[in-house]
Amino acid sequence: MKWTLLIAIAIVAFAASVVFGPAAVPLSELARSDIVWNLRAPRAVLAFLVGGSLGVAGAALQALVRNPLADPFLLGLSGGAGLGAVSAIALHLTGPWALPLAAFVGALAALGLVYRLGLIGGAGGALDPRILLLGGVAVGAFAAAITTAIVSLADAAELRNAFLWLWGGLSAASWQAVLLVALYVPVPLLVLVAAARPLDLLALGEEPARYLGADVDVVKRRVYVAASLLTAAAVAVSGVIGFVGLVVPHIARLTWGHRHRALLPAAFLGGGALLAFADTLARTVVAPRELPVGVVTALIGVPVFAFLLRRWSIA
Amino acid sequence: MRRLLFAVLVFAGCRPSDRPAVGPPQRIVSLLPSFTEILFAIGAGDRLVGRTTWCDYPPAARDVPSVGDGMPPNIEAVAARKPDLVVLYNSGPNVTAAQQLERLGIQTVLLELNRLEDLGPATRRLGQLTGLGHAADSLAAAMDSLSARPPPTPTTSIAFVVWDNPPIIIGRGSYLHQLAALAGARNVFDDIAAPSAQVSLETIAARNPQWIAVLADSTETPSFAKRPEWRSVHAVRDGRFLLLPGTLFGRPGPRSAAAVRELRARLSR
Amino acid sequence: MILTLEDVRYRYPGAARDALQDVSLSVTPGQFHAVLGPNGSGKTTLVRIALGAVPPLMGRADVNGRSASEWSRQELARIVGVVPQREDNLFPQRVRETVVLGRYPHLSLWGRESAADHAAVERALAACDVVGLADRWVWTLSGGEYQRVRVARALAQEPRLLVLDEPGVSLDLKHEMGLFELVRGLVDRHGLGVLMITHQLNLAARFADTVLLLDEGRPAAAGTTAEVLTREVVERVFAWPVAMESVDGRPQMIPLRQSKESRA
């Protein structure tokens, strides 16, 4: 029953993304419209892929770092991506894919650095989730500082506009981008879904999880890398879109509970629907102008988050 | 010159400083390329002792020492030129800079310069300050007549793209909009009052401007032209780009009429 | 023998002395084996080594005849159910949901829980007398109830050996007695082997079959409760004067107060 409802919501969100927009396309012309096929449709699909990835990554990370307030962007990836993008502009790297590629590389570099930090203190290759969180914040802040320095020292005019890109948006959606993301995303997604049971156990604590049969060290590594890879792709394609990875897992838990086997797919569909819906709003509420989608997800996410906090403190 | 355009697009109030004059200033620092051009045009060019790195016209301006890019103004560099007048564009950071310079005992003036109609008043003010009111008045009259000129019926449509991801275009609050109108091109985003705004790509595609104008100093097609999603904009697909050099088009100034002529010529090709 | 430790020696990296030295024990089905000792005597280290979490520096630790560290985590969890000292559940759960986690060692990567799995859960809930709590939220339970639920989860693993690390800590008298009775019942009725770490000398004496008494990592005494828990041994290991009584044929220790002279 609840799955039917979620799938229905997802379909409605997708349909709304395709039907509504600042360019008035009458329903009768939807099927023939170049705007619908080449701009709105890939954008809707990309919203699902990115929002879904963020939702799943957020759910998995919250279990991994044992903190229900964890968000995929706490791991320093957005700082690394921003630094990569700004460096690419400052170095005058051209090419239509230069920015996203540089952002992706920057995010991976942050991933590697935080991973390395997370190994400190853990015995023989074991990640310490608390250090992952702290390391992520530190690396993110460090990258942001270098980014600001580059922006203030270099004289490329585009640098100031790069920050707008970082705020998040699906403007760069095309079928090419969709294809790339759709080829990339299944592997880390699969790794996370396969880790569903160990994640359930990990919620009890590392020692109890071990005694219930989870290979805790392996699971931590895999989950961290897979969730980070998903987040890195999301940032490279669409900048930093906050609150999806934080709020969607909690909403999903309200209905599906904490068994990750059901939670992760629900978080995927929920995250996708939320981002598609937010993107539609971003494109239509102040038409012909467009809001950065990160603003819309924050405006939706903050009240929801406050509501969840109240519920959390009651429990 | 995108950066300068960005600066030009900011609105603020006008606050010239009032100070008893002890003869017209002889050591002027100009912190905006437009003001540099105006000062040279009214004959005060030889009094210029400082300029920004962006001030590249007229050629004689390049011989004036630079005090940095002016964003924000480098107070020490400016003060080192020992000016008796500093001319600044009226923006938030510049108000602060002007206050700091005033504390050092340097006279400053903050002038509005966002649209064509600001050119006349700014020119007259500079003429007043430099004692070259006569030359300034005739230049200002020409600028006023340009801004007062009724725009011709548009024969084509245009969109100015400042940034591609996310797409940022120029609205009717911008000086560029005015240039386009005078050159006979309708800005497809004239329903947006602001000087610039972020829009969805599909809006640009739906409004189907005949030309996409980009402020660029190179003649290469902009990199976003190759992106698949931009191909939905017919002007991009067909390569109908107007690559406008920043030095001429990025700033309102004495050459604005020439900019309009140049634009009109390119549009008719 | 489900579990055997032979002459185990272990020292933590960088430690000044061995945590365990020359320790041996064995547990068979139907045997309740307690490990006692003062703080720092190496009890938790012993559990870690027994379960293959760390390999011993010398000696062997075998589960079901195979070295503990050779077992995969999942295989081991099908044979040994552990109730560790600490558990910090991140998310609110109902009792049945948390007990179901005990079936995970038996589930394949993609398979769902079967009717057999649910039946095992019901049996575990019944054996621990928590069926009535099955739909309650775990955070609403009392300490004693929660502990029984944790034992139920370990039982849902359908282990041959149950290991409990200081299960009675922070339980009041009634619940602690109830827990020990529960464990004894599991041994008697279901034939489980039990290894229990505890500092409750008297309860161990009443309920356990065999005892290993550790003193600074070394075995001070091992054998039946009657053999081990004598006044001489207890006084030496715990460095405190005691008197020994007998209840139900089991030795019970009564710590003595300071001598009359030192009482003002």
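Letters A, B and C name the chains as they come in the text, with residue numbers starting at 1 for each one.
Methods note: a residue touches a chain if its C-beta (ideal position, glycine included) is under 8 Å from a C-beta of that chain, and two chains touch if they have at least 3 such contacts.
Because the structure is predicted, anything quoted here is derived from the model rather than measured.
Relative to the C-alpha centre of chain A, the farthest chain centre belongs to C. The most centrally placed chain, judged by C-alpha centroids, is A. One finds 39 Å separating the Cα centroids of chain A and chain B.
Note on chain placement: the centre of chain A and the centre of chain C lie 44 Å apart, centres being C-alpha means. Put simply, the C-alpha centre of chain B and that of chain C have 80 angstrom between them. Against chain A, in their complex, chain B makes its touches with residues 1-6, 53, 69, 162-168, 189, 191-192, 197-203, 205-207, 223-224, 226-229, 231-232. Those residues of chain C whose C-beta lies close enough to touch chain A in the complex are 51, 53, 72-78, 80-82, 84, 86-93, 97-98, 101-102, 104-105, 107, 109, 139, 157. Those residues of chain A lying in contact with chain C across their complex are 63, 66, 68, 194, 197, 200-201, 203-205, 207-208, 210-216, 253, 257-259, 315.
In the complex of the two chains, the chain A residues touching chain B come out as 21-25, 34-35, 38-40, 42, 94-96, 98-99, 155, 157-158, 160-161, 164-165, 169, 171-177, 283, 287-292.
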